[in-house]
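Okay, got some structures for you below.
Paired with chain B in one complex and with chain C in the other, chain A is shared by the two complexes that follow.
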Partner chain A sequence: MTREETPGVRDIAIVAFAQTDVLRTTDELSEVEMLMPVLHSVLDRTGLKTADIGFTCSGSSDYLAGRAFSFTLALDGVGAWPPISESHVEMDGAWALYEAWTKLLTGDADTALVYSYGKSSPGSLRDVLTRQLDPYYVAPLWPDSVALAALQAQALIDAGEADESALATIGTRSRRVATLNSHAQLRGTVPQGDYAVRPLRTGDCPPVGDGAAAVILAAGERARELCSRPAWIRGIDHRIEAHSLGVRDLTDSPSTRLAAERAGVFERPVDTAELHAPFSAQEIVLRKALRLDDSVRVNLSGGALAANPMMAAGLIRMGEAAARIHRGESDRALAHATSGPCLQQNLVAVLEGDAR
Partner chain B sequence: MPEVLKAPLVVEFPFTRSLGPVQSAFLTGLRERLVLGVRTADGRTLVPPVEYDPVTAEELHELVEVAATGTVTTWAWNHAPRRGQPLATPFAWVLVRLDGAGTALLHALDAPGPDAVHTGMRVRIRWAENRTGAITDIACFEPHDGEPGRPGGERQESDGERVTGIVAPARLDYTYSPGRAQSAYIEALSTRRTVGERCPSCRKVYVPPRGACPTCGVPTAEQVEVGPRGTVTTFCIVNIKAKNLDIEVPYVYAHIALDGAGLALHGRIGGIPYDQVRMGLRVEPVWTDGARYPDHYRPTGEPDADYDAYKELL
Partner chain C sequence: MSKEPVAVVGIGQTKHVAARRDVSIAGLVREAARRALDDAELTWADVDAVVIGKAPDFFEGVMMPELYLADALGAVGKPMLRVHTAGSVGGSTALVAAGLVAARVHGTVLTLAFEKQSESNAMWGLSLPVPFQQPLLAGAGGFFAPHVRAYMRRSGAPDTVGSLVAYKDRRNALKNPYAHLHEHDITLEKVQASPMLWDPIRYSETCPSSDGACAMVLTDRAGAARAPRPPAWMLGGAMRSEPTLFAGKDAVSPQAGKDCAADVYRQAGIGDPRRDIDAVEMYVPFSWYEPMWLENLGFADEGEGWKLTEAGVTELDGDLPVNMSGGVLSTNPIGASGMIRFAEAALQVRGQAGEHQVERARRVLGHAYGGGSQFFSMWLVGARPPES
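Moving on, here comes the complex of A and B:
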């Protein structure tokens, strides 16, 4: 929803963002060891201590760790004793941000720390992600994440909206701009490679990596105290597609479009967009759903094709968009996060800086 | 710094799931080589069938038969099948709209190569020999250039009970690494020593260490050897025998604050009747040959510790 629809609600902004380098493996670090530098970094940027934070919300997945309640160990990193006001989503941290934003709207807190992390390296990610599928009709067939994305890519090719070279261009551009992003996992020239699952080649697929991210949200005047140019959340919304892939038009993303409408994206042009499109074909689907033309700078970070730490990549899109506003490089930015196969769930936020 | 440990970790679980009326009918149908869809209020037929309309959320129950032949709506060539997938040889993932259905079903298509597959191609179900009432009763699809099949055309009556549930086995393989701090702890245990880490801020020693102080939220790194002796801070008496555990009940499970540690760890107390274990009891670890951690803790014979000495560790 947007602020305009609910007059009198507080202004809430992203005031700080930090992320780890995304690496193929981080054996030497437990989750909390990987996460802690990011937590300290984001707190340092605002001068806040963990005890000052009104509410904490995190995102992660037990299936990546292969361990129940794995998020509880990561809580050590935020100083969870004595007990803090805390919550967890078994999803990408972008959805944790949504929850924290909701909590700030109620007025129960003025600041929130949102973090998320994922180590994909211990398991085989393509197999692990099959466990999020419909357990009756789909999961018993073990269709992996690349295979499902390949079905979507072929549907786009059949519809005449892409071909293999157009897909390759997206991966190439993502990794080229990622040379300016020291946190990205794949940077510069990366061969398009062999077919992973045809029509997708390895260059159309995201790297598998471990990483973490954190942001701090603050309301009203508190945001101005903590950040010289807060990234105000003007609208945020998330929507979901029908569960069964065979019911959906895989060449479109009506849930993204609806979330964007509800977040107020189409009211005024955006200058910047951070899209969470793990597979090249998905960027085409999202650009169409969000009506982004060439005037919009898309994924200057390199996006998920350059670094896709599970459960953190969506929050990183929020953070990257906000950081551009903090630095004065954007005035109105769109941030998008996805979760599930073939863009099943989509979250869209509009961020704005104060007029200059 | 000792090498970071790694070990295989297999997570296996047979999920037992019950079916609602629609899914039950569909999977019972597959066992009899019959494909059922469900009709929506606006006249579409959803295959596979679901209990609620994905657009209106209306409850659905009108089952209709569709054919075992259909049309590929999109596909992807899988040259390297993975464990658990329907075919062990290269195959195409396909979404197939069965004749009579308005939506598509995900499955595998057995074809000689990607050049033999295209969107719009005609296919038919290849039934599994042994059918149990599961989506895998469809072994896969195969190319089909004959007439469209008739709904229910291949039905094979079975006298089995209606399928009301499925058991969905799942196995995931991991290589577990406990990270730096816990690796050091486990390494030390291999020489029968217990090490924790001291928080640089509050000076508490955490055992086992996890690399962070949960009170201060800062990294810990300074290793400190603790124990081997310790004090029982609190305990419980276990009266139920656990499966695969050959410890006689009742026995005592306790929180034990090793000397020098800032919090207590868990351990079993032995070498003393269960009803004589008490708070403040001084204990020491008992190692068995080849063990990777103490088998249990037994009384040292020292006088009990003063309550004030461990009250912070309860």
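Moving on, here comes the complex of A and C:
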């Protein structure tokens, strides 16, 4: 939905963002210990305390933690006393941000804290993600996330829209620009490597890592008080596609296109895009769906090929795009998050800074 | 700023049973969704977004099942959100869906919650060992029994109160065709003679494990005007959370529950809940939580809740009926249990609760809680739209 569609609705902005360094293993840290510095950092940026926040929403997945109700302990880290107005999505934090955005739209709150986290290191992520699939017909075969992404990459190659060297270019560029991102996990010259699953080489795949992120949202004048250049959410929408890979055209992402239309992406050019494309071929699919040409700076953070903490990587895209607006490096940015195998579910937001 | 009023125009649930071996998870949720749409006389195409909730993914062994369920719920091409707030999730899910309507993001939203506990083992799902943390190997009953004990000691309630609640709820369930437990030969003596599981909680004072789903169609003022049957209007809704364990926590009557109720009452203009609210569907997985929540929700003073139960006030024909449907004690597909409370409250104010209908139910509270009594979600629905 875009702000322009319904006159009189509140302006809501991302006013602060913080993230952890993304690391291959964080054995010495619990999720709460990983999260707390990020929560303190994002609150410090605005001078707010937990008790000042109107609504809190988080995103995470029990399957990464390996136990039920894992998010309840993370809430302890927030300091939910006295009791807070709070909710949780079992999704990437980008969708927690969406829920918080709707909460602020109703006027029930003026500020929101959104956070998400994921530790992939305790398990085998490729195996764990197979449990996302149709539990009766597909999951029992254990097709892993890299194999499914390889199907998508091969479909793209078969359609003549990419070749292996084009894929390699994306991975190389992502890790080169990530040298400027101190939080990224893979930076600089990373070998393209051997085939993981043909046609994908290790360089086409995201690193497996642990990390957390948090943002603060605020409405109207409150946003201006908390941030010198708020990143206004001009539109945000998300769409899901069919689950079965057999009924989807893997070379396209109609849900991304539809979400972008509804978020108002195509009304005016964006100067920056943060795409959540864990596999190199997915960046090509997303660029096409979002009609991004070479004039748009894509994934200056390095994107998911440089750091892909599960459940936080989408929220980090929102935060990276917003932070660029905060710093005056972008005026109109697109942020994208994905969930599910082969880009099944996609969220798109348009962020803008005040005119200069 | 003004919010769009939210109306419940469709309600559907499955017949809850121990094991629905005849349907997949997708088949189960679709059944409830289809019934909610039929009630609203709408089609899948009328739905703008889907908000789905359930308790831990480990209960069925499917990670983020909303991905797999997108097709079954007609969500392809639409926004789909997945909520998880432990046992309160069914209520929270409805509130997130209501928020989409209230914020005027969407006109009509399908919301659904489910659990198919027969696909897995809930006790196992709750008891995975975690390094450096206190294990909870006795399931939920082992966690809550000491808090019930604390309530009994604090209030001086006689130890007969819990069995009265269970006897009432199981009798109410006989009037609800969707309830899981239909114990036609139930007697108070049978409840009192049932085995002690977690002292003072007896077998017949605990909830069953159910397969089931519950769905609602929520819509805006325009949608309500088109609805074929009387809508239930949301007059107030809130969520509150507090930490699981800390020195200052009152596990008998958590502050988050009090704050959540106070927020709902403020929104709905409720001055005295005992006088202004006609009936309550509250989350009572262990019988003693009825008197405990009566106090926490402001229907009785501290230490007095058990007196309402003992005096028959909470009976179906009492002055403040509680759990007319049979409650969680009779039906517990965990992820759906909170939404069933919300949906039953809406059924009552729509006058469509059938044999367990309460006369003159104009304003009814739906209540859910989860975690270690740390997550609360509630809504108050009415037969008339909110003023202003």
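Methods note: the second predicted complex is superposed on the first by the 356 of 356 C-alpha atoms of A that agree within 3 Å, B and C clash if a C-alpha of one lies under 4 Å from a C-alpha of the other, contacts with A are read in each partner's own complex, and residues count from 1 in each chain.
As a working rule, a residue touches a chain if its C-beta (ideal position, glycine included) is under 8 Å from a C-beta of that chain, and two chains touch if they have at least 3 such contacts.
Only a predicted model underlies this, so the values are computations on that prediction, with no experimental measurement involved.
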item	value
Partner chain in contact with A:47 - chain B first, chain C second, else both or neither	neither
Touched partner set for A:328, first chain B, second chain C, both or neither	neither
Touched partner set for A:136, first chain B, second chain C, both or neither	both
First, second, both or neither for A:243, with chain B first and chain C second	both
Which of chain B and chain C A:269 touches, first, second, both or neither	neither
First (chain B), second (chain C), both or neither touched by A:195	first
Which of chain B and chain C A:75 touches, first, second, both or neither	both
Which superposed partner A:63 touches (first chain B, second chain C, both, neither)	both
Which of chain B and chain C A:128 touches, first, second, both or neither	both
Intersection of the chain A residues that touch chain B with those that touch chain C	30, 63, 66, 73, 75-76, 79-82, 128, 131, 135-136, 139, 242-244
Contact set on chain C toward chain A in their complex	1-3, 24-25, 55-71, 75-86, 92, 95-96, 99-100, 102-105, 119, 125-126, 128, 130, 132, 238-246, 248, 254-256, 259-260, 263, 371-372, 374-375
In the complex with chain B, residue positions of chain A that touch it	27-33, 36, 39-40, 50, 63, 66, 73, 75-82, 121-124, 126-128, 130-131, 135-144, 147-148, 150-155, 158, 195, 197-200, 242-247, 250
In the complex with chain A, residue positions of chain B that touch it	4, 6, 9, 11, 15, 17, 19, 23, 27, 46-48, 50, 54-55, 73-79, 82-86, 93, 95, 97, 103-108, 114, 119, 134-136, 166, 168, 170, 172-182, 210-219
Chain A to chain C touching residues, read off their complex	1, 6, 8-10, 30, 56, 61-63, 66-69, 71-73, 75-76, 79-91, 95, 98-99, 102-103, 105-108, 128-129, 131-136, 139, 237-244, 254-255, 258, 339-341, 344-345
